[in-house]
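The structures come next, written out as structure tokens.
In what comes next, subunit A is part of two complexes: it sits with subunit B in the first one and with subunit C in the second one.
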Partner chain A sequence: MSYYFAIIGTQDNPLFEYEFGTSKQGGDGQSRFTEQAHHLNQFVLHSSLDIVEEVQWMNGQLYMKVIDKFFTNYISCFMTGGNVKFLLLHQPPQTEEAIKNFFNEVYENYVKAIMSPFYKVNMEVRSPVFRQRVAAAGRKYL
Partner chain B sequence: MAHLGPGKAASSKEQTGLRYPSNGKTIYHRPLNRTKTAELSQSSFAYLFSEMVTYAQRRVTGIQELEKRLNVQGHPIGLKLLDLLLMREPPRTQTRPLTIIALLHFIKINLWTHLFGRQADRLEKSSNPDTPDEYMIVDNEPVVNAYISVPREMSQLNCAAFVAGIIEGVCDGAMFPARVTAHSVGGKEEGEMWPGKTVFLVKFQPEILEREALLGKP
Partner chain C sequence: MASSKASRLGEETRMDKVNAELVVLTYGAMVAQLCKDFDSDYVKVNQQLDKMGYNIGLRLIEDYLAKSNTFKRCSNFRETAEMIAKVGFKIFLNITPTITNWTSDGKQFSLVFDENPFADFVELPDDGRAQDELWYSNILCGVLRGALEMVQMQVEAKFVSDVLRGNDTTEMRISLIRYIDDELPPEDD
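Our next item is the complex of A and B:
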């Protein structure tokens, strides 16, 4: 099981990306995407942004569950108050609860990141500590 | 956050080019939830705010420009507070504001309580049929203006333009682009109950009303 996670800003600009594998059932946390899939994933993830825009006004929930599917790739979305999108591409469908917990933990750290007075909207999140936190959330829930 | 001097952690993390504070704690190690009673000193805020107004006053030619600068200082705060306050909501009510009314309620209740420890005094919709895009948030006694006396020749000025900027930031962040301005409406005569009464005029862009009309239909 492999995952590709990205944070997309309000101008549909990527702010952060991270690729990882499952740590459950004896997984080693490494992603098993093929060489071509790395690029394909980015396309698939970004192409789901159109659907996000359609869905976002129907319901005010932050966690939008699975919003798109491309062959065996499922895309789950979480939208922050400031219209920043968290997108997670996962290959077999996952339990909604696990993804929700993952997103919530990332959200908490994302809010901490934007609380920095030097952070402006749509700036790339480069902090290595943030990356570690996302990785830890991935290990914990996925 | 990471420029507080070369700590012990710095040597091992040199390849990232980042320096960590000496106790190794970053912004990510601090909790987001504050206890409800955590308050700041009003006098230190007043001192800081007076410096901000002085700073904004440099090289401006008019009152409008000065208010614009104060507005710009508040804008990023609004953008950040939107997510912070949403994060602190209990999961059941943790929803993005989808309508103008929901957004203004969020500002009146959550934002005001967080900033000033009480709700805004009133919320009004413009009664003029020509301006259905205008809403008003009324504060009888803005905290930011508590120690500000506006000189007679600048009577147009209302330093709550800073708060207007915060409101504008929240609206923009939630995808409700708007222009927010602060206006003094308190009477000047003796015995007036609220001489510092301020109205925050929120003027949404026309496309917001269009979207609202579309969403309102089943």
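Our next item is the complex of A and C:
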């Protein structure tokens, strides 16, 4: 199973993206998306942004669980207090709990990354440290 | 003996504290702004930070002497180093850098910072130059230079490694250039 994770800024601008595969059940952590799927993933993920806006006020939680699906691709969303969206594209057999843990860990590291004085709001997150931490969170929970 | 006395002095001196994140963010914003103002000319940024620190140091020494009650002159440069690390850094930044790498003539030493309160959260810009040119905490060099100058010591202080650059340690090298003798005012005639 493969995952596509993206962070979308307050102007619906992409800040960060990362593709990885499952590390559970003997997975090697490599994504198995086909060549075409790379582009499709971005499209599917961004098309769910409208739904994010619909559901973001429904319950006061940051983690909004699965908000959209496109055939077998499910989109889970986590919105930070500063209106930055974390979106994860995944396939069905996945517990909400695991994704929640993944988001929480990424959130923690995201906050640290953007506290760097050289980071400006809505700027692409290029920190290699952050990328490693996202990868680590992916390995740990998904 | 002198060393434990210095540690005690550092522990006992009470200073008002501010939130660490406030310091981190304020200092960070300042460095980032300097980088912007100087168009990422990091050599100039380093110089500017050093100059700012120097101006802070010139005045900070007074505060240090008043708060720490250490009016006795240090008998040698080693003692000065102890006081800087265990009293000065302790009361102002609540850290105690390690003093190492003395030269045999006792005129140069290194301060190794296990933690640097300025550098929390910081990642240097990834423009390929900042990692080699910017000394992020360079203000500290200026502070030491300024403060020591006011107590008749001319020193040169500079960073030689920084964990922000990917080095294993953050190390500042301090060299005593000379003791400044009291200079008589120029004659009138």
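Some observations on this one:
The rule we apply is simple: the second predicted complex is superposed on the first by the 141 of 142 C-alpha atoms of A that agree within 3 Å, B and C clash if a C-alpha of one lies under 4 Å from a C-alpha of the other, contacts with A are read in each partner's own complex, and residues count from 1 in each chain.
By definition in this document, contacts are C-beta pairs under 8 Å (C-beta built on N, C-alpha and C of every residue); 3 or more make two chains touch, one makes a residue touch a chain.
These numbers come from a predicted model, not from an experiment.
Look at A:61: by the touch rule set out above, it reaches subunit B but stays clear of subunit C.
Using the contact criterion defined above for the overlaid structures, shared-chain residue A:124 touches neither subunit B nor subunit C, since it reaches no partner. In the superposition on chain A, A:12 makes contact with neither subunit B nor subunit C.
When the shared chain is aligned, subunit B and subunit C each come close enough to touch A:116. Of the two partner chains placed around the shared chain by superposition, subunit B is the only one that A:108 touches, whereas subunit C remains out of contact.
Judged by the touch definition given at the top, the superposed model places A:96 against neither subunit B nor subunit C. Comparing subunit B with subunit C, more residues of subunit A are touched by B. By the document's definition of touching, neither partner reaches A:53: not subunit B, not subunit C.
Residue overlap on subunit A between the subunit B contacts of one complex and the subunit C contacts of the other covers 112-113, 115-116, 118, 127-129.
Within the complex, the subunit B residues that touch subunit A are 1, 13, 16, 18, 26-28, 30, 32, 76, 79-80, 82-87, 94-98, 102, 173-175, 211, 215. Residues 24-25, 27-29, 31-32, 35, 120-126 of subunit C are the ones touching subunit A in the complex. Interface residues of subunit A, counted against subunit C in their complex, comprise 112-113, 115-119, 126-129. By the touch rule above, subunit A contacts subunit B in their complex via residues 56-57, 59-62, 79-83, 107-116, 118, 120-121, 127-130, 133.
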